[in-house]
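Chain nomenclature is as follows: A, B, C and D, assigned in order of appearance, with residue numbering initiated at 1 for each chain independently.
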Amino acid sequence: MTENVSKVLSMHDAIARFVHDGDTVVIEGFTHLICFAAGHEIIRQRRRDLTLARLTPDLIYDQLIAAGCARKLVFSWAGNPGVGSLHAFRRAVEGKAAPLEIEEYSHFGMVARFAAGAARLPFWPLRDYAGTDLPHANARIKTVACPYTGEALATVPALNPDVTIVHAQRADAAGNTQMWGLIGVQREAAFAATHVIVVVEEIVAESVIRSDPNRTAIPAMIVDAVVLEPWGAHPSYAQGFYDRDNDFYVAWEGISRDPATLERYLADFVYGVPDRAAYLAKLPGAQGRLAAKQRYSSRVNYGF
Amino acid sequence: MTENVSKVLSMHDAIARFVHDGDTVVIEGFTHLICFAAGHEIIRQRRRDLTLARLTPDLIYDQLIAAGCARKLVFSWAGNPGVGSLHAFRRAVEGKAAPLEIEEYSHFGMVARFAAGAARLPFWPLRDYAGTDLPHANARIKTVACPYTGEALATVPALNPDVTIVHAQRADAAGNTQMWGLIGVQREAAFAATHVIVVVEEIVAESVIRSDPNRTAIPAMIVDAVVLEPWGAHPSYAQGFYDRDNDFYVAWEGISRDPATLERYLADFVYGVPDRAAYLAKLPGAQGRLAAKQRYSSRVNYGF
Amino acid sequence: MMAAVAARELRDGEVVFVGIGLPNLACNLARATHAPRLVLIYESGAVGAVPERLPVSIGDPALVTGSLMVCGMADVFQLFLQNGRIEVGFLGGAQVDRYGNINTTVIGRYERPTVRLPGSGGAAEIAIHARRTLIVSKLSPRAFPERVDFVTSPGQRVNGRTRTELGLPGKGPLKVISDKAVLEAEEGTGEMVLAALYPGVEAKDVRASVGWELRCRARLRRVDPPTAVELRLLREVLDPKGLYLKSRGDGRTE
Amino acid sequence: MMAAVAARELRDGEVVFVGIGLPNLACNLARATHAPRLVLIYESGAVGAVPERLPVSIGDPALVTGSLMVCGMADVFQLFLQNGRIEVGFLGGAQVDRYGNINTTVIGRYERPTVRLPGSGGAAEIAIHARRTLIVSKLSPRAFPERVDFVTSPGQRVNGRTRTELGLPGKGPLKVISDKAVLEAEEGTGEMVLAALYPGVEAKDVRASVGWELRCRARLRRVDPPTAVELRLLREVLDPKGLYLKSRGDGRTE
């Protein structure tokens, strides 16, 4: 039994159909499974006035900001992991480039916003923010009194994106999706969204999904499109498929520091290529350098 | 890196050390992985005045009630799945036996109570109970006003058991626990508890756990004792190990209907045996009849 | 007959929150006939199950093996039900009243019941969140009183308040599929009224089996008898042992 | 030196919420010496990692392969941090003030910062929930002002209010491990005071590197220099490329 209708689309068609000017867009993935391929396609299709939300904007949102796609950023940590700054973001916020509206939380606050959105509750309670200046910087962080103890707990409002784009290792053609390794808030971000695009390293037979149902993170019923895009997360990574391209993350410091250099990067690797295949063709040796070794899980028995 | 200290105890010692008269005790598992072996040991050790909590009291709590271990029951569905009544429970509530205090919710309410307990929040909000008589029957079901929309949402108070007993397929000696198939609220019940006893079908090498870290449901740091008890869930079941003994669930209707017959059952299969091995010895053929067939999961690659 | 009528209520591709017994049978019949893409979700956390045997409980291991997804119950209630993903929910109960309110909790006073029933399980949540629900229950004056002893699952109107006034997201019980006829919630009043009769049943028989002054739709429909295909599937394929075809079919929740 | 001193603060078997850089190095040094049973948790969801290479980010795949558990971030913050399971948290930042309040958000006004820093990440939650925290940061008057521009992570006292008054569960920053000395939170006042000097460092050097009138403990301790074993492990085994031994070590969060 299943929705055995295929939802497979090209990246171009998935973005064209489900990402519109003015939308709130979430491309999640905590270091792992960040869908750069989708971000690049959004840039190529020149979407505008987007509200971009994710915990760590990472290079992908720095690129979307530099390309002029973003009106607003909702986030909790805006840096280049282990390297330094996101310079397009900094220029915008420090008044050295076109302004960018920001709405800032901590990681727990962003996680809670997605959890509320996924459960379709208007808010989520958390024990947080007392003593910090974040509530002064963001009026949407409020408090609620516990009906039992009377104590004040912090609250954040639900986040329900127009579209969430999730990168994963595998899915069937209907969108039943399995992922492993760091999963961040990908499930919550998907269940919170009006539309969901799943981008995978491989499309597998339904029987593969059915052989390990506890591994399924996202069910077909909430998925609108399935895009097959091998290496679609590069320079982020996909556990079991390819490693993170840490050299590129280091290189981004230099690229993003100078607006002209950043422009040239976008011209060469985003606007200058029609799709992911062409992007990869411009990175000779990358696949060989980053391909994952084999470390297989032990199997479990689902019989009765 | 690990707490590579063994926490392996016999069922007798685990119950003797962590279950005390007057405790709030949770033996969870939704149809699947219900630890009857632990319930029987609690009866044998004649614990008294326990507050028993779980969504579906099932036969195990009917037996604990009949044995006089329970002062109070916290639950959301008290029946014999697909068969009929829990007669010891009914006699107590219908005034035909020693009284039993009850605190009643719906499944969602109980799930939310464990979720709040696991997150160490005093309450959990849910959209529920409007129009039902449950809040009249249970004053602990309250409402809270959303700080953003002003709408009234239902709330339930956190449930933090003194001890939660979780049955699972496998764990390492330190208590890193993996389970698959129906997982119910076992994780939440464990994280909500002061003490956690994990009962498993097999104790595996740490390397087995480390080969599939996304499968780990409960980390060693919250586990106090690991008990090796093959077939410890019978007549409930363990996916991949043995099937549910539906014949016994049907038979319970007859056994529990008559207090004398129920007494005799406890005398024969609980008080009359020293441990699980002896219990199983009294069920010739059961293991052969219920042993699981093989339906293995497909493996995944954790390499980088 | 009830199973066949219930099956016809399901549309292909719908997401159904299903219990054991007749609802499960109805869903499998629908999948075997006009709705092959029906998605079944069980309260136990199994999504897209393809049981190799007739499940005897909603926690049956056969619902897990080869299913599309298994999730914890916090996900079942928060990410599926409360999230509004469930299109159809099946409900049954010891008592169903004039407005489709259901009692599965107690007969008599809650504090000292004459009969203690299992309670809500997930029924209250299904009644509140499923986009629409179908009540499957056999008619009798005792089972269909003017007013239930305890509202476990809210119907179309509770103590005079409509679902909208109560802020309930789903449309609630739109139909009662019984052993004699189909009742439907009347637009506006929310009252359950006689809408369709099974072959050989007269309106007066139905009125006699309901504890309130049952009203009728202006134009009463006749329900087609089960087709040969439906009967063969039910008796030979789906429930050869007759496990549920004679059951009360209210094993909705575990 | 900072890594060695931080490592000595960790007790065997403790659960440590750790970031990249010096804290990660300190934990691995502790595991290689006196605390083999230290449990490392990364904000990314990896528990009990045994990285085969030095992780360059807290989301490094090497933290996943062969770890004991990987969970989602809702679990990291709700089931581990808010649940009170984290015994030690490491924090660092661009500014640390007299009461151990940390700023990783902005230099200057929030609305129009002169320097925009990454923000909280999970730092606010670690500062609030970890049973105790250790601040690892190099001393300088700019990095240790009387008062931070923005309180990202609350210390011992914020605008005069103590942690108890603020209802913060954890004990907060008990020590600042710097490149010259160790400061400790004074009982009662919660003020960071000079507690121990590194070899060859005088109290006046430390006072000159702090933006407030730094007070001293009655009896100043001397920190033992790194042992030969500690140095060999750090330089030859744990960070042969010197990736972090010269870093600012505040890559706490991703």
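Worth pointing out:
The rule we apply is simple: contacts are C-beta pairs under 8 Å (C-beta built on N, C-alpha and C of every residue); 3 or more make two chains touch, one makes a residue touch a chain.
Keep in mind the model is a prediction, meaning the values are calculated, not measured.
Averaged C-alpha coordinates put the centre of subunit A at 37 Å from the centre of subunit B. With each centre defined as the average position of its C-alpha atoms, the distance from subunit A to subunit D rounds to 28 Å.
Subunit B and subunit D, compared by their mean Cα positions, are separated by 40 Å. Annotation for subunit B: residues 120-121, 126-127, 151, 180-181, 183, 187, 211, 214, 237, 239, 243, 292, 295, 302-304 touch two or more other chains. Shown for subunit D are the residues that touch two or more other chains, namely 46, 61, 64-66, 70-71, 78, 82. Shown here, the protein chains touch in an arrangement that is not a line, ring, star or fully connected set. Two chains count as a pair here when they touch; such pairs are A-B, A-C, A-D, B-C, B-D. Partner subunit A is touched in their complex by these residues of subunit B: 120-123, 125-127, 140, 142-149, 151, 153, 155, 157, 169, 178, 180-181, 183, 208, 211-212, 214-215, 237, 239-241, 243, 292-304. For subunit B in complex with subunit C, the touching residues are 30-32, 55-56, 75-79, 81-82, 85, 89-90, 93-95, 104-108, 111-112, 114-115, 126-134, 136-137, 151-152, 180-188, 237, 239, 243-244, 246, 249, 292, 295.
Across the interface of their complex, subunit B is touched by residues 13, 15, 31, 36-40, 46-50, 61-62, 64-71, 78-79, 82-85 of subunit D.
For subunit C in complex with subunit B, the touching residues are 20-21, 43-46, 56-61, 64-66, 70-74, 77-78, 81-82, 105, 110, 112-125, 128-129, 150-154, 158, 161, 163, 166-169, 251, 253-254.
Chain contact summary for the complex, subunit B toward subunit D: residues 1-5, 118-121, 176, 187, 191, 206, 209-211, 213-214, 216, 219-222, 302-304.
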